[in-house]
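Two complexes come next, and they have one chain in common, chain A, joined by chain B in the first and chain C in the second.
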Partner chain A sequence: MSPIYLEAAVVVLGVFLLALEMFVVQGEKKILAWLGIAGLGIVLAASFFVDQTAPTGAVPSYHAFYSTDSLAMFFKRFALVTTIIVLVMSVDYLGVVRKFTPGATAHGGLGEFLALPVLTCAGLMWMASAVDFVMIFVSLELVTISFYVLVSYTRRNAASLEAGVKYLILGALSTGFFVYGITWVFGLTGQTNLEQVSAVFAAYQGSTAPLLFAFVLLVIALGFKIAAVPFQIWVPDVYQGAPTPVAAFLSVGSKAAGFVVFIRVLRTFFHATAIAHKIDLLLVAVAACTLVYGNLAALPQNNLKRLLAYSSIAHAGYLLIAVASSADPASGGAIAFYLAAYLPMTLLSFLVMIVVANYSAGDDIADFNGLSKRSPFLAFAMLIAMVSLAGLPFTAGFFGKFLVFTVAIAQHQTLLVILGIITVACGFYYYLRVVKAMYFEPDTTPSGQPGGQIPVGLLTRVTIAVLIAAILVLGIYPKPALGLLGSAAPQEAAGVLRSVSPQVVLR
Partner chain B sequence: MPPLLFWTFAALMLIFGISVIAQPNPVSSALSLVVSFIALAVLFVSLDAFFIGIIQILVYAGAVMVLFLFIIMLLDLRSGQRKKAHAVTVAGGILIALIFVAELGQVLHAFPEGNRTAPALGAPVQDVQSVGHVLFTSYNLPFQIVAVLILVATIGVVVLSKKELD
Partner chain C sequence: MSDKLPWIILFGPLTAALLILLVTRRQRQLSAGLSVAAVALSFLGSCLLFLQTGDQHVQFAWLDFSPRLLVNFGVTVNVLSKTMLLVVTGVGLLVHVYSVGYMEEDRDMARYFGGLSLFMFSMLGIVLADNFVMMFIFWELVGVSSYLLIGHWYERPQAADAANKAFLANRIGDFGFMIGILMLWGLTGTVDFATLQTTLAGYQEKGMIGDILPYLTVAALMVFCGPMGKSAQVPLHVWLPDAMEGPTPVSALIHAATMVAAGVYLLVKISFLLALVPTAREVIAWIGIITAVMAALMATQQSDIKRVLAYSTLSQLGYMICAVGVAAGEAAMFHLFTHAFFKALLFLGSGTVIYAMHHEQNIWKMGGLRAKMPITFWTFLLGTLALMGCPLLSGFYSKDAILVAMAREHPAICVLGLFTAFLTAFYMTRLFVVVFINRPTSDAASHAHEAPAIMSWPLLILAVPAVGAGWKFVAGPFGLGGAHDETTHPGSVLLGYVPVLAVSAFIVGALLGFIVYRNRAADPINIAAFRRKFYFDEFYAVLIRLTQDGLARLTALVDRWVIDGAGVRGVSGATWGTGFMLRFLQVGNLQAYAFLFGLGVILAIYLAILS
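On to the complex of A and B.
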């Protein structure tokens, strides 16, 4: 069975959920989320049994657009896991959604909130496989357009609407840059398939100016997706205004898919050896700006959602260190492991935030004051997430950063390593502020019932436990995961970026 | 196509393109955009791309812009309601646009292949037929994804434009 059926199954699942909502499920909509989770779980399991080998003989027409390499499979599974956890979050968040959406009945207007992430997941999976600019563009647009809707979903909330408009306008602008970049690539090469573009680039003799121009246009658009500085202006406002599960989805799913496309486009452009040195310089500059801006701007934040938005920018910076050190064969593995660590810790902090915010009706850091007394379990989960985001040892975040710095040192990226270490220290301050609020501040919640337990649903409880376990296992005993990544994801990613032009190492 | 006609329509397209953002009245902006689209369609036709030219007029100038006009009139936007833009913002915007144009000029200057004249097409191209053929054979997968995209967009429109019931 070809992996192409995985996306088809996800789309069918999304449409099935929509139809079910319309014709069958009249009352409680949570059943839709559970069906969605079950369906995506089955697809995830099936993804381990698909036949990855390229078809021989008569090549199906989709093969020029759709890669089945291990990089694609890794990010497909990544998208599936992310969407499953986002659906778990959505169940807890339905009350807030209901409050801020118009609807005639008590459960009106909720079904689409659970079905749209499933369709978005199909887009993310297609992005992971896209090896043709046409395919990249349509799958990217599928993801972006569903995020426009999801971000502004709670439209009675002015902040959500504002976030939606900002995301729409800036997203449309970045799409414009992307299409213009594709136009230049097509004009230069007459091809849209990345492999064929690479072949033309490798033999390219003319002026480098148009090549660089096309590259910069594409970097602007993809930088917007991965929230790299200076294309990050939208991030804090959109994260804060968007429904919390959507913010989590944006910061994990959309970012990871952006990175896989970025990696593929970068690999294509490295074939043009004449500009490789300049690409390296640009990557170092963007990575340095992203690191410094994300970490410094996070310092004064008092709202946890905004804090996580800046943290998402900062983590894009660490990932970009690995991208900038892509001459190292281990950089692909480092990127994959970093993202695999980033998934549980970010989703865990968003999940705990949803549960706590449901109870105390706010997502400022002050709302977490004394959480350890109100709910030791949630406080412990948040502690693990924050410690891992900060990168303390025995957590997944530590090994992610460790691998990134290892490849950066091997590639003599002195500037980025120094900046990275300084900004990690900044990170301790703002992540541990949340821990301080939970464990050392008196319980000052305005809800009138301090000391009361925060109710946590069974599904949420299990998910939190699994995420904690994932962070600790990846942090204490990462070897099996690294081995798994070594054989599964990064074989392809191992030389991810620079397999073909090893001579262009930035020294 | 004689160069004179090309320059005429290219200039028309640009002038009305500027007019879209310069007009204070949204209805005039929308109508300027229609003229700009029609001039662009003429350029497509002059390149023997009849199908894209016709679609440009039918879909963009026809359907999309008429819908735009409807919405503008339904919303009853008045020209006087616009907030005055800050001078620094305007200057910054113009500066960025100028930098971009300068960059583009440099790139085009360094790109002699851009001046190459493509050989004329031998036989007339069956462009509707070839577009349809390519769309349903080699570009089948992206075409299917566009279908999902349109589904998502439709759901989004319904969700976001649903009437307040209370």
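On to the complex of A and C.
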């Protein structure tokens, strides 16, 4: 069975959920989420049994724009897992959605909120496989347009609506740059398939300016998707205004898909050796700005959602360090592992935030004061998420950063490594502020009343436990996960490293 | 089966700790039972392991970044670690049992036993670790569990402060330890003990050792920082006396018999490295003997029963460290071995006394306990004699081995060692006479009575090795107490007289202590410097005020004026209108964003094409 059926199944599931909504009794909309989670779970399981090998003999024509390599499979599963957890969040968030969604009936309009993420997931999965600019563009737009709707979904809430408009206009702007970049590439090469583009680039002898221009345009558009500075301007406002599950989806799913496209496009341009050092310069500049901006701007935040928005920019910075070191064969593995670590810790913090915000009616850091007394379980989950985001050893976040720095050192990206290490220290400050609020502040909500115990539903509880376990397992024994990512990568990275580091004394 | 044994020994206590944390938190007796069962299992496993002949080395790759860095998760089983296993699990088992009685009325008994099991796991990890990284991790875990147990009664400010102090002092040492590990890794490319040994041997064969000797010396000293913190050597010794705020069984297990000995164990384990660096060894020897003398002097003026024992522990640890410094690792292990038994006995004995006195720890309020608590009296007497180095008891043999090694390598150190032996006899006699022989000086002392059986049995059992652990046919199977190694030094004049001098130091010290303290209701000697611990705490307080507080003030200034003022507010363009400039930019919100986006585009194009 070809992997292409996976996306087909997801689309069918999404349409099915939409259709089913008509027949679901009022107030029972949660069943849609359960069905969605179950369906995506089946697809996820099926993804381990599909035939990944490229077909021989009569190659189906779609293989010109659809890849089934291990990179694609990894990001497909990534999208599925993310969507499942986003649906879990949505169940807890339905109350808020209902409050801010005008509908003919009390529960009108909730079904779409649960079906749209599933359709978005299909877009993310196509992005993971896209190896043709046309395909990339179409799947990217499927994702982006779904997000326009999702961001502004709670449309009685002015902030959500405003966020939606900002995302729409800035998103359209970036799409414009993307299409413009594609036209330049097409004009230069006459091709849209990445492989054929690479072949033309490899033999390219002409002026470098048009090449660079095309490259810059594409970087701008993709930089917008992954929240790289200076194209991050939308992130804080949109995250804060959007419904929280959507913000989580944006920060994990959309970002990861952005990175897989970024990697594929970048690999194409690496064939044009004449502009290699310019590419490097641009990437280093973007990575450095992203690191510094994301981490410094996160320092003074008092709202957790906004803090996570800046943190998402900061993590894009660390990922960009690995992207800027793409010449290293291990960088792909480092990026994959970093994202695999980023998924549980970010989703965990968003999930806990939703549950807590439901009870303290706010998502400021102050709303987490004394959480360890109100709900030791949630506080512990948040603690794990925060220390992992900060990069403490024995959590997934640590090895993500470790691998990224390893490839960066191997590629002599001294500036980025130094900036990275300094900004990690910043990260400890702003992440641990949340921990301080939970464990060391007196147990009061901002109104001064002691908060009560916070009940946690079974599904949420199980999901939180699984995410905690994932963070700890990846952090304590990452070897099997590294193997699963299909990368003998770290070994190679270390091999390069050996030649660089301090054996000097002996020679 | 046999290759699984070390894993069972190691992970039994961890399982108990996790079960107590997750399941049986609210059931006191069940938690205690689990914890005791786990350590009993480990003890049984250690016995079986000890009976097997031959060494084992089981490992699997944990973090594999080869060829640059390969960290295994593995265990080494040889005579050294087998002996240490028996000491740790044996003393551990008795202390666990004793704790069931001692902590009976404690509200948080389950938490206490959870901490104790976590400690056992970490300590066994240190014993079995086959590489530096694993050792370091368990080293830190031991620190954590020690922190938890010292601060068990965290409502008492002194206990909470003591826990913090212990943790911070150890942090300083462990930071050096980590740098030392990194240096060794940089020099040799490995963190594995066995590989390190062969690599260094290879360098030596090729004659390359001379080139790296300075680095190796620094690395060894950095590694020594770890033991300096954990084994409480000057100047990081300050935490150990304060750690006595923890429950007494904890003091017996962690702060006398096992954890503080981990430093010595580590040094013995890396003796192949120390053999190459005479300068580092010299430093280690001097730090050890200075600790021994200073701690003994301080012990003579303490009035808290547990603090006297704490300073005597410091002093004995100083002996062991010094023994490693004079290249007598085996003598150090021997003393560690005997000391574990008699010091645990003394601490548990003091615990029984404190229990009977309703948590009174001042020795000047005790007295006359000989008749009231006969079992405690007799066992305490044996422990005291062993510690003082009375001939035929275990302490005599191991102390003698160390003194002989000192005499051979370094006569000056040996003189100090003998002086310490004299002081030890003096202050232990003082303690014993005041607590047990003199007339009762308080109501509690007149009405004290013997502790329940669950607490007195461990005393009786411990008394056996406290007496006999030094005898050659007992210590022999553990690879201890054997013939002395040949060394390069011809041996000084002192060498032949060491046993005689040691015995006279014992007799003179004991007699002097008896004469001075017999029938005294208050301390006739008053030396403020000794009582105030040579003003170390005061000195550190000033040092911290000058350095850290100054640094903190400087950082606060930088934070307020540079980072907050210019950096953050300047950089965070999209944050809530902080700063006039950016508020101005946010007037036409969306347009401004699009404008900034466009600015970014122009910048990127400029950078890529035109620059």
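Here, the second predicted complex is superposed on the first by the 477 of 507 C-alpha atoms of A that agree within 3 Å, B and C clash if a C-alpha of one lies under 4 Å from a C-alpha of the other, contacts with A are read in each partner's own complex, and residues count from 1 in each chain.
Keep in mind that, in the parts below, a residue touches a chain if its C-beta (ideal position, glycine included) is under 8 Å from a C-beta of that chain, and two chains touch if they have at least 3 such contacts.
Keep in mind that what you see is a predicted model, and the values were worked out from it rather than measured.
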item	value
Touched partner set for A:T273, first chain B, second chain C, both or neither	neither
First (chain B), second (chain C), both or neither touched by A:Q191	neither
First (chain B), second (chain C), both or neither touched by A:S2	neither
Touching partner for A:K479 - first (chain B), second (chain C), both, neither	second
Partner with the higher number of touched chain A residues, chain C or chain B	C
Contacts of A:A209 with chain B and chain C, given as first, second, both or neither	both
Contacts of A:I169 with chain B and chain C, given as first, second, both or neither	second
Which superposed partner A:P102 touches (first chain B, second chain C, both, neither)	first
First, second, both or neither for A:P236, with chain B first and chain C second	second
Chain B/chain C common contact set on chain A	209, 213
Touching residues (chain side chain A, partner chain C) in the complex	165-166, 169-170, 173-174, 177, 209, 212-213, 215-216, 219-220, 229-237, 278, 281-282, 285-286, 292-293, 296-297, 299-301, 306, 310, 406, 477-479, 490-491, 493-495, 497-498, 501-503, 505-506
Complex interface listing, chain C residues touching chain A	61-69, 186-187, 189, 208, 211-212, 215, 563-564, 567-569, 571-575, 578, 589-590, 593-594, 596-597, 599-601, 603-605, 607-609, 611
Residue ranges of chain B in contact with chain A within the complex	103-104, 106-107, 110-113, 137-142, 145-146, 148-149, 151-153, 155-156, 158-160, 162-166
Sites on chain A touched by chain B in the complex	4, 11, 15, 18, 61-62, 64-66, 101-104, 109, 112, 115-116, 119-120, 122-123, 126, 132, 134-135, 138-139, 141-142, 145-146, 148-149, 152-153, 155, 206-207, 209-210, 213
